[in-house]
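Please see the structure below; I have some questions.
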Amino acid sequence: MLEELKKRVYEANLLLPKYDLVKFTWGNVSEIDEDSKIVAIKPSGVDYDKLKVDDIVLVNLDGEIVEGDKKPSSDTKTHLEIYKKFPEVKGIVHTHSPYATSWAQAGIDIPCFGTTHADYIYGDVPVLRNLTQEEIDDDYEKNTGLLIVDYMKDKEFTKTPAVLLKNHGSFVWGKDCFDAVHNSVVLEEVAKMATFTILINPNAEKTPKRVQDKHYYRKHGKNAYYGQ
Amino acid sequence: MLEELKKRVYEANLLLPKYDLVKFTWGNVSEIDEDSKIVAIKPSGVDYDKLKVDDIVLVNLDGEIVEGDKKPSSDTKTHLEIYKKFPEVKGIVHTHSPYATSWAQAGIDIPCFGTTHADYIYGDVPVLRNLTQEEIDDDYEKNTGLLIVDYMKDKEFTKTPAVLLKNHGSFVWGKDCFDAVHNSVVLEEVAKMATFTILINPNAEKTPKRVQDKHYYRKHGKNAYYGQ
Amino acid sequence: MLEELKKRVYEANLLLPKYDLVKFTWGNVSEIDEDSKIVAIKPSGVDYDKLKVDDIVLVNLDGEIVEGDKKPSSDTKTHLEIYKKFPEVKGIVHTHSPYATSWAQAGIDIPCFGTTHADYIYGDVPVLRNLTQEEIDDDYEKNTGLLIVDYMKDKEFTKTPAVLLKNHGSFVWGKDCFDAVHNSVVLEEVAKMATFTILINPNAEKTPKRVQDKHYYRKHGKNAYYGQ
Amino acid sequence: MLEELKKRVYEANLLLPKYDLVKFTWGNVSEIDEDSKIVAIKPSGVDYDKLKVDDIVLVNLDGEIVEGDKKPSSDTKTHLEIYKKFPEVKGIVHTHSPYATSWAQAGIDIPCFGTTHADYIYGDVPVLRNLTQEEIDDDYEKNTGLLIVDYMKDKEFTKTPAVLLKNHGSFVWGKDCFDAVHNSVVLEEVAKMATFTILINPNAEKTPKRVQDKHYYRKHGKNAYYGQ
């Protein structure tokens, strides 16, 4: 069932090493089928160069395996909480990509230093807090999802397609799994340039709001005129 | 018409990902035909690995499409303002290459720290200001071009082949589209080394003017003796 | 004899340039045969692209060559001291990988800044001291091994799979030679992100112990649930 | 004539882009024939991917072209001064490799921070001063060579195989052209790690002399025991 979905998620997962976002098994991509609410996700701890389409696991929103003989990603519950709350989010990516993860480890929101950032992400990329002992003991991965959902609850998912988790890595989403991977590449490039920016000028100023608005809305919304 | 021009611009655009100056669709190269004053430019938002020669758009200096079924780059008007003012400029490149963009984001002119820089660029690479709200509302891309033209008006384009735009990226030019790409690679390499230089020594001194002169004029002008 | 062991060690050595952990001949991998206590190790000063399976040298725990017509790695005695003391360690890697070596040169333990680190290494990665003149004159490579062994004596080798040597490089181990290479890649990636982390925030905080514990034990020990 | 010499120098030049030491035409390798005192060197301003064996130029120690229809490297006179003064130097490399050049631009000698450095270079890598106006006007390239020769006059070329030129780049030598390229790769790697080292710890300490001595003499001289 859902062979097309599995194939898409397989291909999107292979983009993570292609874009240098992961080493070994560190990362995962999922996508949800709009009608059946079935989620296809990478199996846990399988190397990308050994991954096969049939290794992709199908789970329902309760986290039950619907198809596949592998265990799904250990981060599956985090993905599910986001899908449950935001029906418009169709694809999710988790990585430890080095520059974005370094901002997460530094515990500092990535400032919107330029139009590369403003073209895709509206405002700074936030670092969400570590979980408490209670949240970890209760259900680490589910509570990670709830933390993200809580932050996102009053925001538009297209304007805020990425968050950082303190001392951990990033979760990034989009209108499908390939869009989520695209946003992950954007996040890493933006994080890299932000690192160099503060190295060059520790007091660098954020992009003026008028320029952020111009660039974001040049690419998004009813007045967009970028692209074909 | 102008098939040779389109082919050149197509090939010059493909050099941007080859030299790691762009990700996805972030960048564009154009060249102007001296006789007809027709400009060939990359179409807006098309991935480099899907780009075809026939996707290259031909526009006149008023920005009207002369040939092609795609929309030209959203930055076309910026290119046109430069071509209109400086007839000797024949090729223009815009990228968000990471190190050069980081200096643009930092808002600091790239100092001439060495002969790699002095060989191709005479003096520092300037960061031009953000546009005002009025300029953005009026015509963002055209006014970006006018800002560049205003800065360049009392300079030789061969000595100042590149500017940075605050919180944005670079515009670079040359005697044809390949020369403009070459100067873009120089700019990125120079920006990278300037970043490391101030990391090593925050008080690093610029190249003495006598050495800048020696290197620039060893490669340019009537007494040049570098090359064949 | 032990053809399979030599082939494994040959292949593990070739992973060092593949993962950009070494230049030229700078590094070596070994593995010990559990039954015979014979160690297979890279020959000294042989380039990876000229290395052949039959160049791999077999030595016993006294350092005597058992098979092979090449001299073993000059670091052989360091490997042997670790194998002699920790029978569960089956593979060892030495490299000068650039980020890890830079922390060794800086003389600062790599803090556990995130879950990428905590997933594989429990606590900070220590920098061990330079040897004294007496230790160098006596037996540099053997005493390097003894220094490592002394540090490790009250620790679990799986929780502390890597050490840095002041002004030198890293020694990393694992349950076989491929596991040791895997841990070397982890160390380099962790060292890279720690470098960027302190660049972004010189006062970055370590991962809270509760999160380190969660991640380490999610992957290791009887309650592990990561992977297949 | 000297076909073998030209072929060696051709191949050594191609190693510069292979090891990421140069962009475009920025660098050159030469080697001297011991008997005839003829020097083979890269032609000026020729791209590495278009370079052919027959483009390699042969010059005598007076700088006169002995064979070849191209102009030799504009840095030829610098090479010749070194060959004239140090008969044991047989190969020379000049590059603007990014990390080494950044130390040259920063104007700070590269400290011996570790054994990677001490294995090949005895002590710090010096930054030599800019030339004066008089020296530039007289003969820039020749006086650059004389500056290097003056610094080297009381040193062993094998212990000091590299210098940096302020605001410029590096000159590196060896017992033949391939050895000189090898030392250039070492210099760039050492410069990279030194950059990261001071980023991590601005007060990092140099390698103790006893460890520098141990590593240098483990690889060089009559008591060397590294390699086959």
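Every chain is named by a letter (A, B, C and D) in the order it is written, and numbering of its residues begins at 1.
Just so it is clear, a residue touches a chain if its C-beta (ideal position, glycine included) is under 8 Å from a C-beta of that chain, and two chains touch if they have at least 3 such contacts.
Molecules present, by chain and UniProt name: A, B, C, D = L-ribulose-5-phosphate 4-epimerase.
All values reported here derive from a predicted model rather than from experimental measurement.
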item	value
Shortest chain-hopping distance from chain A out to chain C	1
Self-contact between copies chain B and chain D, residue sets same or different by half	different
Remotest chain, chain B as reference, centres from CA atoms	C
Centre distance in Å when chain A and chain D are each reduced to the mean of their C-alpha atoms	46
Interchain centroid distance [CA atoms averaged], chain C/chain D, Å	33
Junction residues of chain B - those touching two or more other chains	198-199
Contact set on chain C toward chain A in their complex	113-116, 182, 185-186, 189, 192-194, 196-201, 204-208, 210-211, 214, 218, 225-228
Residue ranges of chain A touching chain C (in the complex, touch as defined)	23-26, 43-46, 70-71, 74, 96, 98-99, 101-108, 130-133, 136, 140, 167-169, 195, 198-199
